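Inspection log for the structure reproduced underneath, given as structure tokens.
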Amino acid sequence: MNKPFYNSPVLTTWRQAAGQDWPAYVEHDFVKGLADGTLPAEAFQRYLIQDYIFLVHFTRAWAMAVVKSESLEEMKIAAATVDALVNQEMQLHVQTCLKAGISEEQLYSAAEAIENLTYTRFVMDAGLSGDFLDLITALSPCVFGYGEIGLLTQRLAQADTPYQEWIDTYSSEDYQNLCFTVAEMIENSCKARLGDDPVKSVRMPALCKRFHTATKLEASFWEMGLKGSKW
Amino acid sequence: MNKPFYNSPVLTTWRQAAGQDWPAYVEHDFVKGLADGTLPAEAFQRYLIQDYIFLVHFTRAWAMAVVKSESLEEMKIAAATVDALVNQEMQLHVQTCLKAGISEEQLYSAAEAIENLTYTRFVMDAGLSGDFLDLITALSPCVFGYGEIGLLTQRLAQADTPYQEWIDTYSSEDYQNLCFTVAEMIENSCKARLGDDPVKSVRMPALCKRFHTATKLEASFWEMGLKGSKW
Amino acid sequence: MNKPFYNSPVLTTWRQAAGQDWPAYVEHDFVKGLADGTLPAEAFQRYLIQDYIFLVHFTRAWAMAVVKSESLEEMKIAAATVDALVNQEMQLHVQTCLKAGISEEQLYSAAEAIENLTYTRFVMDAGLSGDFLDLITALSPCVFGYGEIGLLTQRLAQADTPYQEWIDTYSSEDYQNLCFTVAEMIENSCKARLGDDPVKSVRMPALCKRFHTATKLEASFWEMGLKGSKW
Amino acid sequence: MNKPFYNSPVLTTWRQAAGQDWPAYVEHDFVKGLADGTLPAEAFQRYLIQDYIFLVHFTRAWAMAVVKSESLEEMKIAAATVDALVNQEMQLHVQTCLKAGISEEQLYSAAEAIENLTYTRFVMDAGLSGDFLDLITALSPCVFGYGEIGLLTQRLAQADTPYQEWIDTYSSEDYQNLCFTVAEMIENSCKARLGDDPVKSVRMPALCKRFHTATKLEASFWEMGLKGSKW
């Protein structure tokens, strides 16, 4: 499988540091079930509801990135992402769920799965404890993993999968462009803080570890979707 | 002078608590100079440059409000404001300044006046130290003061004032509607945290004090625009 | 079983809101094993290592309480707790672990169990998203639960339990006094923000929910100690 | 004048970057007045009251450093400083003020001078927006400036200055040792984030700017003490 990872040295380093946990996330059975259509409707529904709550906290995390941005580029991209999350991604979920008879207020106040709580609070604390880079690192497995998953599911999609709309969202030119934009910003943000060769910077191992942890938490989110929450 | 203050018991209480410092802000000589056109071009230019830096931090503060929002209404309004600030208000400034030969990067990295630093960091710390309400209270003199000032300058505007575009921005239906939307949210946010009669809540004096301090910092911002920075 | 819960209306309300999850935490099999000495040494060791990492983040959370304190009483108690955690509780762990051949640097960099990560980041985000009260509520199940557990294990302790030193720590007059001091502060902090009858305040249900979630995360911490990490 | 600046390459770089603003702070007329005893009692009183409020926020800032610490050394030093500030420095002020008939509660709730507000909120936002290093940089002019001032005033002190107790505090072995401890930590913290030669790191100019701004805010604090608040 070709994994472009958006042409970035830093992202490539991060993904490699995640080792087998990266494919365990982006090629998870949940993902394969989306592509071939074998994912149970119940699992998708569980995922959708939790993903809405996830998006609430993901929006908070990107808002925290606005708070912590130190260049005009960082501020604009983070602010645009906040807007896209609230006004596009969350709306997509709301509409899908409305069809299934679930109101937005119900979504907002649904019980949060522990896998959700763990992942999102880990990201928020990355923002509180570190700088813009620490936060963006924790956000990256979601942004770029969904990009890869979009392309992968598009390639493998069976004609009759009921999840084509989901696949179209993340394989869309819009979403793929977002990935490239954020990847470019990350390179710039790293160079501004870590120097000309960020991959060799003294902070890189800590950033790799943060990316790795977030990657595992993404995989546990799929697992929760597939089999229900562990706790 | 009629001061509707957007029909809200909480806002009315806050404004009254600011006493004479409220009119000292919204009827400042800088404001009168905008309306009658006597404001020196140099003062307006100084204001514009500092206001751009202010908008950067104001955007950060509204992003912090997204981080701290506890209802769907709060999150949506705060996120929409972040977007409006970055993509509308800041762009307006950038275009005005571009005409005067100042690039956006220059704006972003201009030396920050102490009046600016004081005000914006006070607001950010309100977000760090308190809850959503503490933060929104510190943001309110700017939001609603500019609403009042927009209406006031529109009413007093001389036909030949060179600042008509500025006046039109803040007296516009768009901006006035934003004020009403935020005012309604504040009532709801207060009721959700302070009970049915927020004005009588035990936290109200501390919120009034915070609003008052921010009001004085707004007046000092006009003063800086008019006469240059104190430090 | 007598549960004094430190004579506080607010704490009593919180504990009741946690329902059966409260005794599931304070009377967990891990706790019973401490008292009757049947807890496997391996389980205690696993707990000790994770508890060290927990104390690091718990210290960060109490430091966040200093950041967010709004009265002299709050600041002094939170600062004293930061000091007690770093210079007493953590030192106790370090010495116990040193006897077992584990250095403090090893402790500090041990792999963090997911139960630990979940709990501590949930607490930190309570501090980032809310005010002092939201944070203290999330910290309370640990503070007061260990107080109850100290008294309970002291009452049930078998003469030959190898965990007497642990039991002595949390049943000590020092620790019990700390509980009463913090309980009194919580009543005062609630009254200062919620009015004379905090239990009936509009924010109480949200605080109860936060306390309840933290209580469940405490129980999952014991479970991790007893049986190893779930993930 | 000999300025050891605690033997640190990073601190030396920061101080040099502050240029003439560094001696303008550490050799301010307020400082000279402490040494030769000509400082008016009224000015010292004004300083003492504001310095108490400053210490409250300085404690909050060091607590934020605990929140953001990423090594055991950082956590221990930051926590010890929180404790020293609350239980020693603030107590010193309280006792001095009690002699002058001012209670601690009065101190805590005294009106905050704008110079105080500006400086302390600037430091807090350094903690919110950046990482541990950004925060520590903003805290450094206070820590090390008072160290230099302690030595300077001790050297210049007239036998009859009424401010000998203040001079003794900051020239004491205890305080000087604190400076050396924090200086060593800063070198280590910089190396852990900026590499083996922090002074040449890409982040150094931004850190220098932050140090410089905080230095100017320290000087404005003396100015406020000497002549009253500007606003």
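Note that the chains are named A, B, C and D in the order they appear, and that numbering of residues resets to 1 at the start of each chain.
Following the convention adopted for this analysis, contacts are C-beta pairs under 8 Å (C-beta built on N, C-alpha and C of every residue); 3 or more make two chains touch, one makes a residue touch a chain.
In this text the structure is predicted, and so the values were computed from the model without any measurement.
Set against the C-alpha centre of subunit A, every other chain centre is closer than that of D. More C-beta pairs touch across one of C-D and A-D than the other; that pair is C-D. Averaging Cα coordinates per chain places subunit A and subunit D 42 Å apart. Centre-to-centre separation of subunit B and subunit D, using mean CA positions: 32 Å.
Centroid to centroid, with C-alpha atoms defining each point, subunit C and subunit D lie 34 Å apart.
Counting partner chains per residue, subunit A has residues 60, 67, 124, 128-129 touching two or more of them. The touching residues of subunit B, counted against subunit C in their complex, run 67-68, 70, 128-131, 134, 191-196, 201-203, 206.
Of all residues in subunit C, those touching subunit D in their complex are 56, 59-60, 63-64, 66-67, 69, 71-72, 75-76, 78-80, 82-83, 85-87, 104-105, 108, 124.
Subunit A contributes residues 60, 114, 117-118, 120-122, 124-125, 127-129, 213, 216, 220, 230-231 to its touches with subunit C in the complex.
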